[in-house]
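Scrolling down, you'll hit the structures one after another.
In the two complexes below, chain A is the common chain; its partner is chain B in one and chain C in the other.
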Partner chain A sequence: MLLQTTITGLAIGGIYALMAVGYSLVFSVLNFSNFAHGSVIMLGAYAGYFVLTKAGASFPVALAGSMLAGVILGVTNERLAYRPLRVRNARPLYFMISAMGVAIFLENLVYATLGAHFYSYPEVLGRSIVRLGGASIGILDLFALAFSSVAITGLHFFLHNTKSGLAIRACSFDMTVASLFGVRIDRIVGLVFALAGALAGLSGIFLGMKYMAYPTMGWITNKAYVAAVIGGLGSLPGAVIGGIVLGLLETFVSVYISSIIRDVFSFSALVLVLLAMPNGLMGRYVEEKI
Partner chain B sequence: MLTVDNVSVFYGRICALDRVSISVNEGEIVSIIGPNGAGKSTLLWTIMGVMKPSSGSLWWRGERLQSVPSWVAARGISMVPERRRLFDNLTVRENLLIGAYLRQWDSSMKEDMETVFRLFPVLKERLNQYAGTLSGGEQQMLAIGRAMMGRPALLLFDEPSLGLAPALTSEVFRAIQRIREEGTTCLLAEQNAFKALEMADRAYVMNVGRVALQGSGKEVLANPEVRAAYLGVKAGSL
Partner chain C sequence: MKRLLAAAMVLCLLGFQLCGCGGGTKPGDQAKVPDEPGVPEVIKIGHAVALTGDASIWGQSESNALKMWARKVNEQGGIDGKKIELVTYDTRADSVEAVNVAKRMIEQDKVVAIIGAAQSGVTIAMTAVTEPAKVPLIGTTATNPEVTVKDGVVRPHTFRVCFIDPFQGTVAAQFASTELGAKTAAVLYDVGSDYSSWLAQYFIEAFEKMGGTIVGKEAFRTGELDYRAMLGKLKEGNPDVIFIPTAQKEAALAMKQARDLGYEGKFLGGDNWGSPDIIELGGSAVEGGYFVNLASLEDPDIQDFIAEYRGEYGSDPVLPNPVMAIDALIVLVEAIKKAGSTDGDAICKAIEEIKDLQALTGKITYDPQTHNPLNKPAIIQQIKDGEFIYVEKYVTS
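Coming up: the complex of A and B.
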């Protein structure tokens, strides 16, 4: 039971981490909470669904499709909603308001075009169960855990071993000074939204498979936002730790206490962490932020 | 090489630069001195393309300078900003790499890093340390090294001696002279007027957004008003 709960918790935590990393990546560079990220995740879930059902494609193709959709949406979102603010040197608050507007717009766009029904994913990964030392673990959970680990590790590798990755980390500290050495801010910001969009697409398809695709599913990502804040907004290791901690906490509370009051524990954890450590577990202004 | 022609810059309604004209010739060290708020930093940020002039023009080797930092950087102009503004979240090595962002990261870059280490050996020992953990003097050295990594033709220094102990200040000024000897033109904004004028080929004195005086470094240094205002020597006391 303990092992099973832990693995389920890790799988959920992995998806939270994946979503939280998307929030943190944007926050680290532009200093605002991109609440449109949840809507990109939601549309990524729809994209994956339609590639699977309407195009009849295989799971890897659907995965690529939802990630691509996430990239396009993320980059377009930045171009249309944030760049105009950026060139005017607007304060982060206005970015956040714009992000909320985008979230409401996209959600209602789905209501207007696809309707409010829940789209249930076909069983691509099957319902098979893996037995591991007395615990039975859904194959979907294993896949979710594997893909989020690979994606986050890949992102870490990209940020630390490529020129563009270095430029992103430099911009997260001081964009103006980075531009003095030839870093093109528009490109770097576009790249950040492309990366966050790809992660959003990936988390979208797994959320869709687990909970179905529906217009307000973007609000599940509020939990991921909580994870990012617990870990320390702007810190990628923080987002991962926050996601895992939250995933484990929720699963353990659901199993051993009650799933009804699960969210009480999540948000209490947030309040407690912020009371003790206002910058989150690995908040900004520590040595390495992303 | 660089000509700033009648440039005015406003922060909102406040005029930071009022029809400023300066020029820098190949191979020179040019110093700009003046009190806080005279517009020295604004002038450097305008050259780098971060601030946009509301009137006037900037020329670089016959080409009009655009107000786009990455464009300016690609033309071979780099800057050591005031208070260094290193990337504290990156290591010393990574800070140097960002300086070389526009170049191919090949073997020539290794050589340039060695050039920086010859000038500032301490940086080599600190290579994998975060820039935020360096001492003030080391940070200034890294800021200069970072700018050198782009192999600039013109290097702008904004208050390189700010907050440094006298011994370190001398070391930084010696480094600037060596950078010039190796072929990089230097434009220096400084409050430490004596040292800045002493080593300058030419100098400008700025006050409340205007160029108040210009001449060779020696001429400006000998000017009684400059001596009274910036060097604490009363006119007529020598």
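Coming up: the complex of A and C.
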């Protein structure tokens, strides 16, 4: 039972982590919470679904398609909604309001075009399960967990071992100073949104396969956002740790206390972490946090 | 200049308002009242149904079917020569909206009775309006006991044509015990839904009465996506069946995840499963699941209706709502005929006296104590090869 609970918690936490990394990546550079991330995840799920069913493509193609859709959406989103604000040196609060606007716009766009219908993915990976000791895990969970780890590790590698990665990290410390040293800010911000978009597309297709695709699925990311805040907004390792901690906490509360009051615990944990460590578990010092 | 413009606009507005007021109190409306006070020229019957939203898949079909049936009643002479007219409004399966709809039907449209709603919670909300107005309300698939009986006292103007939750839970429990040979069972239900909580409670009571053991009971909140934590705990008890009396979306996801966890027993559900969605959402995981339903396309008693519906709309009705709404209309027509009046109290008295009335899904006899139909057979269906299979008509012992 303990093993099964831990495995389930890890599987749920892995999904939270993948989504939380997208939040933290944008926050680290632009210092605002990109609430449109959830909507990009939702559209990524739809993109994956349509590539898979309507175009009849194979799973790797659908995966690439949904990541590509995430990239395009993320970058377009930045160009249209955030760049004009950045040019005018707007405060993070206005970025966040703009992000909420984008989220509501995209959600309603889906309602208006595709309707409230639930789209269920075909079973590409089958229903097989893997047994570990007395516990079992779905092949899809295992695959999602593995793929998420690869994606997050890849992102980490990219940030620490490439020139663009270095530029992103420089921008996250101080954008003005970075631009003085010849970093092209527009390009770097675009790159950050492209990376976050790819992660969103990836989360989207896995969420869609695990559950289903529907207009309000972006709100699952509320939990991912909580995970990002627990871990410390702006910190990528923090997002991963926050996601896993939250996934494990929820599962253990559901199993050993009560599934009905699970969310009470999740949000209490958020408040407690913020009281004890205002910057989250791994957060860096920031003056303004919105 | 600005001030002038403002004054002109105010005048315009005033003018509109006056016109509006004048229109509302035209004395012509009064003159339409027929000579006979008992039964008006046209008998208006309200139909509160979810035409949009999550429940619209049944609501649309229900509305179509009821319109078809009302036309049929009119073609056969209506009620003692008076035509019936359906006043259909969308409730969106939302309690607040349904209360507004009921008010509009009673105050503006002056309906003599209302058919609906399909959801227990929505129907209970509507009684707040229909009971004080003494307008008979007949729930279609509102299976919660509290729809007709509140704190042990029957609501005088509220009826239903379906069986109640205890019965559905009892059917599921007895079926699991006698037909599936289950000795142990677990329950996963939606604590945010009255329907689900009641079904769960009565299943547990009936299953234990049959000598079975409940090895686990877990709950979640409406809209939940991940059930693995709760399912993992239920699986520990190794139940022969897991009863999941929830809406099709939650049930499908839960079954998928239970199979992912390696659960190999059987699934059992309530009538909310009866939507093709469950197969699309659940895929191979829902295969073999049994559920209790109020009606089935393969029910030999309703074949004529189905053929007629197909001819009219080119598709199958989405059961059970259409046949339940028609049963409600049959009950209502019979009661108005018998009462010889459209007075609310008279109709209710006539419904209470209905005995062995041949409706669409079977014979209906009302219990005056509870306003429920007595001994309605339930239908057991199974999901097999991506379709709903008719298993049997099950009558509880």
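Keep this in mind: the second predicted complex is superposed on the first by the 285 of 290 C-alpha atoms of A that agree within 3 Å, B and C clash if a C-alpha of one lies under 4 Å from a C-alpha of the other, contacts with A are read in each partner's own complex, and residues count from 1 in each chain.
The criterion applied here is as follows: a residue touches a chain if its C-beta (ideal position, glycine included) is under 8 Å from a C-beta of that chain, and two chains touch if they have at least 3 such contacts.
What you are looking at is a predicted structure, and each value in this text was computed from that prediction instead of being measured.
In this superposed model built on chain A, chain B and chain C occupy separate space and fit side by side.
With both complexes placed on chain A, chain A has more residues touched by C than by the other of chain B and chain C.
The superposition places the C-alpha centres of chain B and chain C at an angle of 150 degrees about the C-alpha centre of chain A, rounded in steps of 10. In the superposed model, A:I220 lies in contact with chain C only, and not with chain B. By the document's definition of touching, of the two partners only chain B reaches A:D174; chain C does not. By the touch criterion stated above, A:L166 is placed in contact with chain B alone, chain C being left untouched.
Contacts of A:N31 after superposition on the shared chain: neither chain B nor chain C is touched. In the superposed model, A:S149 makes contact with neither chain B nor chain C. In the superposed model, A:N279 lies in contact with neither chain B nor chain C. Judged by the touch definition given at the top, the superposed model places A:T76 against neither chain B nor chain C.
Think of it this way: put the two complexes on top of each other by chain A, and the tightest Cα contact between chain B and chain C is 35 Å.
Chain A uses no single residue to touch chain B in one structure and chain C in the other. Interface of chain C with chain A (complex): residues 53-54, 191, 218-221, 225-226, 228-230, 232-233, 235-236, 249, 252-253, 256-257, 259-262, 277, 280-285. Within the complex formed with chain C, the chain A residues making contact are 1, 4-5, 8-9, 11-12, 116, 118, 120, 122-123, 127, 129, 131, 136-138, 140-141, 211-212, 220, 250-251, 254-255, 259-260, 262-263. Chain A meets chain B in the complex at residues 163, 166-167, 169-170, 172-174, 176-185, 287-290. Of all residues in chain B, those touching chain A in their complex are 48, 50, 69-70, 73-74, 78-79, 81, 85, 87-90, 94, 97-102, 105, 130, 132-133, 146-147, 150.
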